[in-house]
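Take this structure, written in structure tokens, and hold onto it; I'll ask about it next.
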Amino acid sequence: MVLFIIFSLIAVVAAIGVVVSRKPIYSALFLLLNFATLAALYIMLEAQFLAAVQIIVYAGAIVVLILFVIMLIGGGELHDIRDQSLPLAKRFTWPRIMGLVLFVLLVGTLAYSLITGALNPVQGDATAFGQGSIQAIGSVLYTDYLLPFELMSVLLLVGMIGAVVLARPPD
Amino acid sequence: MNPDIPILSIILFLPLLGALVLLLLPSEKLQKWWTLGVTVATFLASCLLIVWWQEGYAGMQFIERYDWVALFNIQYLLGVDGLSVWLVLLTTFMTMLVIVFSWEGIAKNLKGYLFLILLLETGMIGVFVALDLVLFYIFWELSLVPMYFLIGIWGGPKRVYAAVKFFIFTMVASALMLVGILMLYRQGGTFDLLELQKMSLSPNLQVWLFLAFGLAFAVKVPLFPFHTWLPDAHVQAPTGGSVILAGILLKMGTYGFLRFCLTMFPDATRQFVPWIAALAVIGIIYGGLVALTQRDVKSLVAYSSVAHLGFVVLGLFALNSQGIAGASLQMVNHGLSTGALFLLVGMLYNRRHTRNLDEFGGLWKVMPVFGFLFLIVAFSSAGLPGLNGFVGEFNILLGAFRSNPVFAVIGTVGIVVGAWYLLRAIREMLQGPLTKPENMALSDLNKREVLTLVPIIILIVVIGLFPNLFLSKINPSADAVAAELENRPAVTLMIDK
Amino acid sequence: MTFPTINLLAIAPQIILVVAACITLLLDLVVQNKRSLGWFSLGSVLTALAALIFLRPATPEFQPGAVGSNMALADGLSWIAGAAILIAVGLAILVSIDHVADFTRRIGAYYALLLLAAVGMLAMVTASDFMTIFLGLEIFSLALYILVGYYHSDLRSGEAALKYFLLGAFASGFFLYGIALIYGATGQTNLAAITMSIAPLSSNLPFAPLLPIGMGLLLVGFGFKVALVPFHMWTPDVYQGAPTTVTAFMSVAVKTAAFTALIRVLASVTTFSRPWLLVLAVMAALTMTWGNLAALRQTSVKRMLAYSSIAHAGYILTGVAAGTERGAQAALYYLVVYTFMTFGAFGVVLAAQRRDQNDLTTSQIAGLASRQPFLAVLMSIFMFALIGIPPLAGFFGKLYVFGAAVDAGLTWLAVIGVINSGIAAFYYLRITVSMYMDAPEAAAEGSGSIAARNTSALVLTALVVAAAGTVILGLWQQPLVNGIAQAVVALLP
Amino acid sequence: MVPTEYYLILAAVLFSIGALGVVFRRNVLIIFMCVEMMLNAVNLTFVALAHHFMDLNGQIFVLVAVAVAAAEVAVGLAILMKVIRGKDTTNVQDINLLKG
Amino acid sequence: MSDYAWLMLLFPAIGLVVISFFGTRLSKGIVGWLASLMVALSFLVAVAVFVQMLGLPVEARGQRVPLWSWMTAGDFHADAALLIDQLSIIMALVVTGVGFLIHVYSIGYMHDDPRFPRFFAYMNLFILMMLVLVLADNYLMLYVGWEGVGLSSYLLIGFWYEKPAAANAGMKAFLVNRVGDLGLLLAIMIIWTSLGTLQFNEVFQRAETLWAVGGTFAVATTLLMLLGATGKSAQIPLFVWLPDAMEGPTPVSALIHAATMVTAGVYLIARSGVLYALAPVSASLAAVIGAATALFAATIALTQVDLKRILAYSTISQLGFMFMAVGVGAYSAGIFHLVTHAFFKALLFLGAGSVMHALDGELDIRKMGNLRAKMPTTNWTFLIGAAALAGIPLFSGFFSKDEILYYDYLYQPLLWLVGTITAFLTAVYAFRAYFMPFWGTERVKKRWDHAHESPRIMTIPLIILAVGAVVVGLIGIPFASWIEPWLEPVFATAHEIKHAEEAAGSDMTKTVLLAIAAIIALSGAFVAYRAFLVSTEWPKRVRASLGGFGTLVENKYRVDELYNAAVVAPLLGLARWFAGPMDQRTIDGAVNGLAGLTGSLGERVRRLQVGQVGIYALSMLFGAVAILIWLAVQ
């Protein structure tokens, strides 16, 4: 429980950090922190494989890619220039106030729904769950989830084509 | 008497087929003759309805019934009775004459013009013969499109405004009718008018449905205060379009009231009688007075249509045999006389390129035939006894008087106003000194133009003198409708002794 | 450990298209004549269509049932939606053959992405599990993000892609969260299993209150894809910025795929008390009103049509919101019809716009009827079909959806709908006014590029197909309506 | 043992913060990161529920989500690069050629 | 007789059709004589019918002649049918007889007119319609004739349509008549609604049994009918059109606006005698209106200087007498005066036409004089006409007017008093109209020099009419009247109903009244002689002493102006207000405003689409939150 509180606090702080950081690069680093915290939580939830995937794919690939882009297009120009030069009051334009209000409402609604109903303990098949091991996941992934798996490959193919087509400068 | 051929379908689709063939024809001359041939053939085919007519029968005749979309119970269901058969004939007849009129004077894209008129003919006939609500609605909306283009492409200077206004105004108004149709379907599970008429709906629902249908019809008629599209459309439309618009298209509204509101929602109809009749008489007086101030002859005739159609609606909502039969006949009468008025104005416009009364005066001197024909038509329109207009108006007023004398009295006042604006038009156009040099050189009507008008004149006189030729077919159906509506036994004798 | 037997026949069209997409990419490297890539892709689409037809519900080969552990389902619904999608992609390829070179050199990838987008859509409409639905959605979304940004010389194309992408990813988040919460509510992601689990008694659910919340979040995702107010904001920008060929494709196919999946999802929770139907009804009303109002004063035909497509999403949603069998039938019918008429409308934009432009202003089509009368006639057919003038198919679409709404007691929605049709008539008519009643703009005439240009025969072919569909589906709709009826009957438990 | 609801609420908060970031920030990259954060929050929900149900389905879903996120990043950053090359800005307020 | 009576209608119809379609191709002579011939044939048929009727027993004299089934709607039915009875045949004889003479006269009078054929077509149309009116078997058909004569009147008044005054007068005539027609139409509706038939005899039978004396239906019907009658017969309040109608060719004035059409109102009331008997109020009102009109018009006639206008007001005044007759139930007397009036007034008008013909259209009697030297025939015939009008004993007008005054006396002596005063005035203006043109000195020499007697074709009808004006009175000489018993069967029912209230007169009273009338007429003629020939200063003094009232009378009591200000101008104002502020701005403005509102709403919605991702996302978030909150609280 203590761990959960610690990690969740870190996660929330990191998330807020992402949102409020002045420079994208700080945001990216906060994001990294957030991802890592989540990986820890995954482990607490017996999802070791996913925790590994989380670190490898998100931290290792995605954040790095974002950092790469930040570097590529030049760090200096990347912060919200207008935002920073304005006094605090003016930064809170009506869309932002609205956004905050909506944020509060969203959190409230979700929390309200989650708290009002009691989550019935439904005991699944703990053996098949196999504590989120690679073996357990692999065995279902290639049998029951074969079709989604194949579709994932198509998805990645599309992503690949897209990256190639778009990123290559026009010839 | 009725040979086993789908005569209604033939009448309905002959113009459409003709229109499609027309697209393939190369020369303008060929196109004109072909179109004329098609319309004449359609007219002759529609005459067969009279030949094969089963006299004295109130119900639908020449019924054709096929499933169309079985899942939603949409049928291809056609039929005519005494209330619609003359409107079908009016349609085929006037369309034919419009083609003759349009022989010359269509400056651009004659093929498109003829195509649209034929398409319009199918649409209009369809409205009068369809007995399935969806089918009816299809033709109802379909007839908008050709008229929209006729006004928009061949119309006057403000044609785009007028065309769009016409389209949007009538379409928005009929949109709610679609909801009404769907609500009926929800109640009855069918779009079959004959079935739906037998159904008894709750009074509350009837009120809503009446409003939904009534709005569409009121705009089409047009009933005051939904009439403002009409002057614009009429004035801007090319003559052929005006003729069809006034002669036939407006009848779709009154016919709709008769065929749908009166028969399907009798309770609501009775409830709404004072309101609709009030609007009708307001329209009569209002339309007449506004017509009185118009300088543009077409605009004058347009407002006169508001007044005349007010009479028709007044007759329908008398809810008795006289009113309904009179209104049914008056629809035809108005089609003939107003159609003829528009033709005449169009002929004048073709010569003079203006319709402003200020530009005319003393034309009778240079155009005696024109003057003569205009006179007859104007008096027909003014309801002179012996001509057709009187028969309809009298029966309407008689029926209205029987159901509510107050409205009839006001309506009768409208007759005076009706004479006023028409005489004023004659006074300013035909009479008075011939001063304008442009007018002195005007040529009288040529043979083709006279030929266009003579059939109408003949009918004007024949209906006036022998209305029973027409009423005998209308009456059984009108009586049937009236009998359904009369919640009390017909009172013919009122005794105060 | 046993491998599942996958009914490959049932997903044959998808397989064909994936393979074809790969081959197209490879051919791109070796073939000089890029048009042949188009023909090849078109051939593959036709093959896929043939496969689909071969597996049509009437034949014994067609087995409605699970494909690969209930991940996908080939049934009447997926058959009809699949056919519509394949027709859309086929038409899109057909109109692209002559036009793709206007805006890109990466032609092989273009066709491959079109095909893969279609695969994603097919996957979505055959999906019977949230996982496959989500994957299908993401596949075609990704492909479309790329395709939207394909107009290399137009900054607006890239901008559109960026907006579409950012908001799309945002919406995906909601969508996925919705799935998660439904999973939380039911313990299932499979639609059939969800139906089973909520069938006995809603109190049996692990976490019943989460179901409506999950459905609500799901609706956000769907609402984004089919452009429902207030999730529609991207639509005009993206439709305008995207190459017109892509706009034509995405405006119809995405709606088909997403709406079909939505219908499936809604059908799976049919036994639950369904508060979200009212949400849908309100959204439908808002959507059509907003779309029509915003379209009124547009000067870009493409943008106007984009708003029009928003409005039509509202109409389709009206059928869905009815939550009845008739409503689903109506929505499906409308989708098929919508495919033809909206594709046709964008196709005419493509044919009428200048080769060096990716947009068409209303003034540019002034006098089109005198320059290209046939094109004007086609456009008029599409416009009147979109207005809902009978006997064109658009009218029946409206008739059925509003009928379903009335049947379901949503008369107010039908009233709003028909009033909207009236408002909409105004801007559709403006197109016909421009074409037939306005004099050609001097500048447009002077540049000569419109007047001189002949419309590509391929585009015309596609337009004629679309027009034929628009007309024929109105007059002779029995086969389609019957098919839809069967599909929907099979859908509901 | 931490109740599953706690995880779910944490995920909801994270998701909301992400959503707030999307509407709050004007830097395209940061918006993009916020979207990623939202997806992660959902992943957390899935994992928590999978653990609660002892059901691998949820975990597989996370795998799918990760794949989707990866593909999206690739495509998204590519689009971003393209736009930035054209407009030389990452402020979404400046990216509004299309409007109205 | 019923088997050929329809020929009466056929002949003018043939004339109408032939002349309308072929008139311009035929020579003037053929057209003129063809038209006259057709009327003559009609007259002969009428005579034949009349003669045959004389030979029939009284009960068999009234016969229906069904022509065809005209109009049916539900339980409403009206036939096209003729009713040949004692009343209608008298009317038909007058119409065709006088009509024929006027046709012949017109051949000469209209000889130089370029639209000669059209004139005769209209005239035949008029004869046809007038016959329909008088021969109709039911109210609806009567209405056809009623409006039909209105049409021909309109056409003929506006025959010289180039003259704005003529065109306006035609329009005015038709419209004012339409106002009256409205009343008749409503009356017809009440009759049918209440009695279920429009056929005369059935109506009268049923009314007698179903309607109470003085009951609402009877009173309403007859009052409305009275409105119609005042319109057609130019009585107060609807008389204003008739003076203007003098813009038409003079034969038209003679035929339509003196002899026949304007008497239709009298005919209508006489025909509907039963109904009026059931509604004493209306009948009295008719009498009062008649009396008022008679006096009123006579005063105006005294002041007019336009010869035709004098005659026009005289006609109004004489029609007032007829109303006084039918109003008090003296239908035979009314019809008798109608017949005599037809002769002498037609004669006077034709005489006036002859004068005009001689003086190039001059009508101002102050510019005439001493025409008897130039136009002997016209002089003598005009004198006879004036004498008959004035009621000089032994001329026809004397007998018929006296008959009326007698019955009025019986009914209400006040009416008699008014009638007698009017009779005096009549004599004065009649002889004023005679003396000023024909006697004295030629006031405008140049005109006088050119003056000449009219051709024979015009003078012969004058002579025949003059003879008629003298002898026709013989059918109703006091104590030995032929016409009263002849018509009695027609009015029997009406008289029966009225019988109770009728005061019986004595021969003594009648004789005294006769004497008074004779004295009045002669003194009136003498006054005219003194005032307008001998001491011409005298009328001027009288005029001066009258002051403002005199001006008012000279201006015809400013009734036209009153109507313009009270009815026409407000209506036109209302029309303009409808057309402008109401129609264009309010109603159409609302329509366009709604469209504009939708458009601007669209513009606002469009503006919300700011193109920024943040706002778009905000919108989505808003939607999501809204949905979630709603679903959460469910």
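Think of it as A, B, C, D and E in the order they're written, each chain with its own count starting at 1.
Assume a residue touches a chain if its C-beta (ideal position, glycine included) is under 8 Å from a C-beta of that chain, and two chains touch if they have at least 3 such contacts.
Given the structure is predicted, the values throughout are model-derived calculations rather than measurements.
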item: For subunit A and subunit E, chains touching each; value: C, D
item: Centre-most chain [mean C-alpha coordinates]; value: B
item: Far-end chain from subunit C, centres as C-alpha averages; value: E
item: Most distant chain from subunit B by Cα centroid; value: A
item: Whole-Å gap separating subunit A and subunit B, where each centre is the average of the chain's CA atoms; value: 69
item: Whole-Å gap separating subunit A and subunit D, where each centre is the average of the chain's CA atoms; value: 5
item: Distance from the mean Cα position of subunit E to that of subunit B, given in whole angstrom; value: 36
item: Separation of mean Cα positions, subunit D and subunit C [Å, integer]; value: 26
item: Overlap residues in subunit A, where contacts from two or more other chains coincide; value: 95, 98-99, 102, 106, 109-110, 113-114, 119, 122, 124, 145, 148, 152, 155, 158-159, 162, 165-166
item: Multi-chain contact residues (two or more partners), subunit C; value: 131, 135, 138, 142, 145-146, 149, 162-163, 166, 170, 184, 187, 206, 209, 213, 236-237, 298, 423, 426
item: Subunit B, residues touching no fewer than two other chains; value: 168
item: Touching chain combinations (by label order); value: A-C, A-D, A-E, B-C, B-E, C-D, C-E, D-E
item: Contact footprint of subunit B on subunit C as seen in their complex; value: 329, 384, 387-391, 395-396, 398-400, 402-403, 406-407, 411, 414-415, 418-419, 421-423, 425-426, 429-430, 432-433, 436-438, 477-478, 481-482, 485
item: Residues of subunit D that touch subunit E when the two form their complex; value: 19, 22-26, 28, 31, 92-93, 95-100
item: Complex contacts: residues of subunit A adjacent to subunit D; value: 1, 4, 8, 11-12, 15-16, 18-19, 21, 24, 27-28, 31, 34-35, 38, 41-42, 44-47, 49-50, 53-54, 57-58, 61-62, 65-66, 69-70, 72-73, 77-83, 95-96, 98-100, 102-103, 106-107, 110-111, 114-115, 119, 121-126, 128-130, 132, 136-137, 140-141, 145, 148, 152, 155-156, 158-160, 162-163, 165-167, 169
item: Interface residues, subunit A side, partner subunit E - complex; value: 95, 98-99, 102, 105-106, 109-110, 112-113
item: Subunit A-touching residues of subunit E, taken from the complex the two chains share; value: 614-615, 618, 621-622, 624-625, 628-629, 632
